[in-house]
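In the two complexes that follow, chain A is the common piece, with chain B as its partner first and chain C second.
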Partner chain A sequence: MHKKATISTFMLLAILSVLIISFSLILGRYSISIKDLWLFIQSCFNADIKVQPQIKTILIDIRLPRIIAAFLVGGTLSITGATYQGMFRNPMVSPSILGVSSGAGFGAALAILLALSPFMMQTLSFAFGIGAVIAVYAISLVTGKKHEKCLTLILSGMIVATVFAALISMLKYVADPNDTLPSIVYWLMGGLSDIEMPDLFFIAIVSIVGLILLSISGWKLDMLSFGDEEARTMGIHVERFRFLVISIATLMTASAVSISGIIGWVGLVIPHISRMLTGSKNAVLLPTSFFIGGIFLLIVDDFSRTVVSMEIPLGITTSLIGAPFFIFILIKSSNKH
Partner chain B sequence: MIELRELSCGYGKKPILSGVNLIINKGELTCVLGKNGSGKTTLFKTILGLLPSMGGNILYDGKILTSYSGKGVARLISYVPQAHGTPFPFTVLDVVLMGQYIHTSGMFGKPQRQNIEKAIKCMEVLGIESLMYKNISKISGGEKQMVFIARAIAQEPSFIIMDEPTANLDMGNSIKVMKVAQLLKQKGYGVIMNTHMPDQALQFADKVIMLKNGKISNIGDPQQVLKSNTLTDLYNTPIEIIEGFTSNGKSRKLLVTL
Partner chain C sequence: MISILFICVGLNLSAKTITDMAGRSIDIPDNIERILPYDVKTSILLFSVAYDKMVAKSLLPGSKQLMLISDKYNKMVEVDMKNIESVLASNPQIIIAGAYNSDNNYEYFEKIQKRTHIPVVIIDLSIDRLDKTYAFLGTLIGNKKQCSERALFLQNIYNNTKKLITKNSTNQANVYYTLGLSGLLTDPSGSKHTEVLDYLKLNNVAKVLIPTGGHANVNMEQIFIWNPDYIFAAGYKGDKNAYTTILSSNKWKTISAVKKKNVYKVPSKPFGWFDHPPSINRIPGILWLSQLFYKNSKDETRKQIIEFYKLFYKYKLTEKEYKLLFE
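Let's turn to the complex of A and B:
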């Protein structure tokens, strides 16, 4: 992709992001017009302009945190998915390949069972997400021969994910079916309904720093997608670089999952859509995936919270909207070739 | 100069090759021959530092090669692997440009204009600049091999190791690759390759190494080493070398099986 085309893609994505964020702000059960939103934006810069207090509360305390969360979670899952697809040389890989989602799910379920505070739930979920990947890495170090590193990592990921899935089932089995069990099930389906501004502080920092670090690692990731041996003969310190990438991606995914629950599909599909748009160069692909993923999850979340009176869990909607969309994209790309 | 002293190499605990003593010079085309599983690729991977040696030393201009960093080795020796590829559709220019990674600065490296210019020059050497913006997965096997040779040149090394560069190629493309290997040798690179076609060694190589039973069984000038008896012994099948003449009267040696 040429430089000019890259710049115009990013410009387009930035404009699209602003439009969809604005649209999401006026969307909801309490009707807020574009005029109200414009007045509110003006009031942020000009103290003389007054806005109805309930509009201000709805925009700042209810809708904005959720919109930021949807954008960051979607972006984070997509960029980490694209990163892992490049690193593992496999377009079928998702961000949860190294067990982070299962670990995070267990942490959250445990916190729900122990009736801990929402903050503690996020912390436990984050910690177990990281812990699961550390376990995967440790298992791969013990079991893996040097030349089969990627395969042993994926297999270790499957082992750890299976163990955590069993542990989650065990927690569900002992949970109170009237109270805690529905909470656990609902959390595992993913959703952003209880998000508040302070919850976003951590993920905002992690995802933005991660976005920058992964994007500038793009060229090295390109080389890694030719396999460990080729990358090494081109001068890449494969072990060190892979450890760095896994660490960044794990921190990002764990911070996202800990506030959103398990949202599948986004991290698998969005990188494909982005690749069709911008090509395979990770330096361009990764930031593109972040923005497209953010926009996608925001649209899906808008749909989840508005289409019926009861909110639909995000994990369900991402799959229901994502699957046909992916079929459409595949048909379109196969026609093109 | 690359020097192997009493080198043992292999996977796991049992060496595939042992007691390898060898000198490889710049400006020479060295051809390694041997049956499947004789240790040709293992030897290459050990020289490249992809496999740890199981004994002995590899020296580069008198300095032990393991004392070089990964980037250091990449500046000295580049590699054209046997099976290469990525599931992702990179352009030819992107792939060749990767060879320039070791010549960029910073922890993450970022290709600059001069790196791109150098990558294009490497493509021009091989006459593949017209493929520059083509998708690597959409070009032919012969073209792909040229792209990976261009990437190896882009590393600006002293030595280029090619692992069976003519495997899976048709006759025309095989000859093309061998002529490129000869061109690179003339440009001063030390080219080390292996092949299952001893004819190629006979026609193009400056030095031939035969591997058998975990050792170097023969080494030297192809005209001296490639004889009916040595080849018969190497491949366990009767092979004769006959002499023929081309239409312009040049004498050529040919290998025939009986």
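Let's turn to the complex of A and C:
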């Protein structure tokens, strides 16, 4: 891809993001017109203009944090998915391949069972997400002396994910079926309905720093995709680099999952869609994935919160909207070639 | 194992045929001394009239010691209905299973009956028919006096409530019921879990498209639209729960119920007053709501609820404990 084309792609994505974010602000169960939104924006600069307090609550306390969260979570899951797909040289890999989602799910379920506060729930979820990946890395170091490194990592990920899945089932089994169990089940299906502004600081910092770090080391990932030996001959310290990438990606995914619950599909498919648009050069692919993932999850979440009076869990809508969309993209791209 | 099976089959031989509350005819032994309740909701209902005949109560996941109920209930052994061998080992003559008159699929019960060779008698747990259920139990298990006393108590409450509702039929309050932590998990209208609201003809604002019969997650904007006048929060544990979330969060402060200070915790000891599980424990809920919405006097409500705890939980509720129920 030429430099010019890359720049115009990014411009397009940025404009699209802003448009969809603004559109999402006027979308919701409670009807707020463009005029209301305009009045509200004016009222921020001009104290004489008054708007209903409820409109302010809805825009600032309810919709805005949720829109930002959807964008950041979608972006984070997609960029980490793209990173892992490159690093493991495997198109079937998703950000949860190293057990981060299962660990985070266990942490959240435990917090719900112990009736801890929402803050503690996010903290436990984040901590167990990280813990799971540390366990995976440790297992792969012990078991993987003579095996292929990537393979042992993936297998260790499967082991740890299975253990945490069993532990989650156990917590569900002992949970009070009246209120604790449904809370756990809803959390595991993913959703952003009770996001508040303070929940976003951490993920905002982690995801933006991660976006920059991963994007600038994109060329190293490109080298890695030729194989460990080739990367070594290019002067890359493969082990250290892989450890760094896993650390960054894990921090990003854990911070996303801890506020959103488990959302599948995005991290697996958005990288493919992005690759069809921009090619597989990681320095371009990774930021593109971030933006497309953000836009995608934002649109999906708009559906989740507006279609019917009850929330549709994001885990459901991402797949139901994402699957036909992916088929469409596949057809389009195969016609092109 | 086999010998137990033979005993069970043997017991069935000296039988009479009855029709249970679901209209099924079944053969049961003449003198019933060993009863196993099918689940927790049936256990609670049976406890007051048949605790000396219950071989076990049903397993309630996640619960520890229950408060404000006779120790006899806490000390009773538990049997998990999923474990057929422990069901057989407890050696009951009959299994009593609660269902609702809206149910019409009794396949589960038939299956248990077939596998264990123990007759399963179905009783009705519908909120408006519990008096009939106790009358039925009287003839089934023979504790006629105790059963009819409870049937009468319930009948009085039903009649009284009906009168209060017709007298104050202008009540148009919108009610929102929530459980869990965020305040956004609700049991929609028409669900078994909110039958207390339906019985009292209160308008449950949560009308959702998909009639799951269970829980539903809603979002804050939807609650703005519904703008309920009353909010009831159940299942509060720990320091943070829907009740504290609703009262402390900025988002909720413009909701009518919060402005008018009409946010209530649903008492939960020993069992929830609205559901958890949907059984006899909903009767205090009816009494409490008729005080809140239909002008039943405070004294009368308190008297009836204390009487309920005495009759059904075999627990003498003090005035202090009564007050604590609401805090």
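Definition applied: the second predicted complex is superposed on the first by the 329 of 337 C-alpha atoms of A that agree within 3 Å, B and C clash if a C-alpha of one lies under 4 Å from a C-alpha of the other, contacts with A are read in each partner's own complex, and residues count from 1 in each chain.
One rule holds in what follows: a residue touches a chain if its C-beta (ideal position, glycine included) is under 8 Å from a C-beta of that chain, and two chains touch if they have at least 3 such contacts.
Remember, predicted model here, so these are calculated numbers, not experimental data.
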| item | value |
| --- | --- |
| Larger contact residue set on chain A - chain B or chain C | C |
| Touching partner for A:M310 - first (chain B), second (chain C), both, neither | second |
| Chain B versus chain C as contact partner of A:K220, first or second or both or neither | first |
| Partner chain(s) touched by A:K281 [first = chain B, second = chain C, both, neither] | first |
| First, second, both or neither for A:K332, with chain B first and chain C second | neither |
| First, second, both or neither for A:Y30, with chain B first and chain C second | second |
| Partner chain in contact with A:V174 - chain B first, chain C second, else both or neither | second |
| Intersection of chain A interface sets (partners chain B, chain C) | none |
| Complex interface listing, chain C residues touching chain A | 61-63, 179-182, 184-185, 188, 206-210, 214-222, 224-225, 234-235, 237-241, 250-251, 254, 272, 275-277 |
| Touching residues on chain A, where the partner in the complex is chain B | 86, 89-91, 147, 216-217, 219-220, 222-223, 225-227, 229-230, 232-237, 275, 279-281 |
| Residue ranges of chain B in contact with chain A within the complex | 45, 48-50, 70-71, 73-75, 77-79, 81, 84-91, 94, 98-99, 101-102, 108-111, 151, 155 |
| For the chain A and chain C complex, residues of the former touching the latter | 28-30, 53-54, 57-58, 61-63, 112-118, 173-180, 182-183, 186, 191, 193-194, 305, 308-311, 313 |
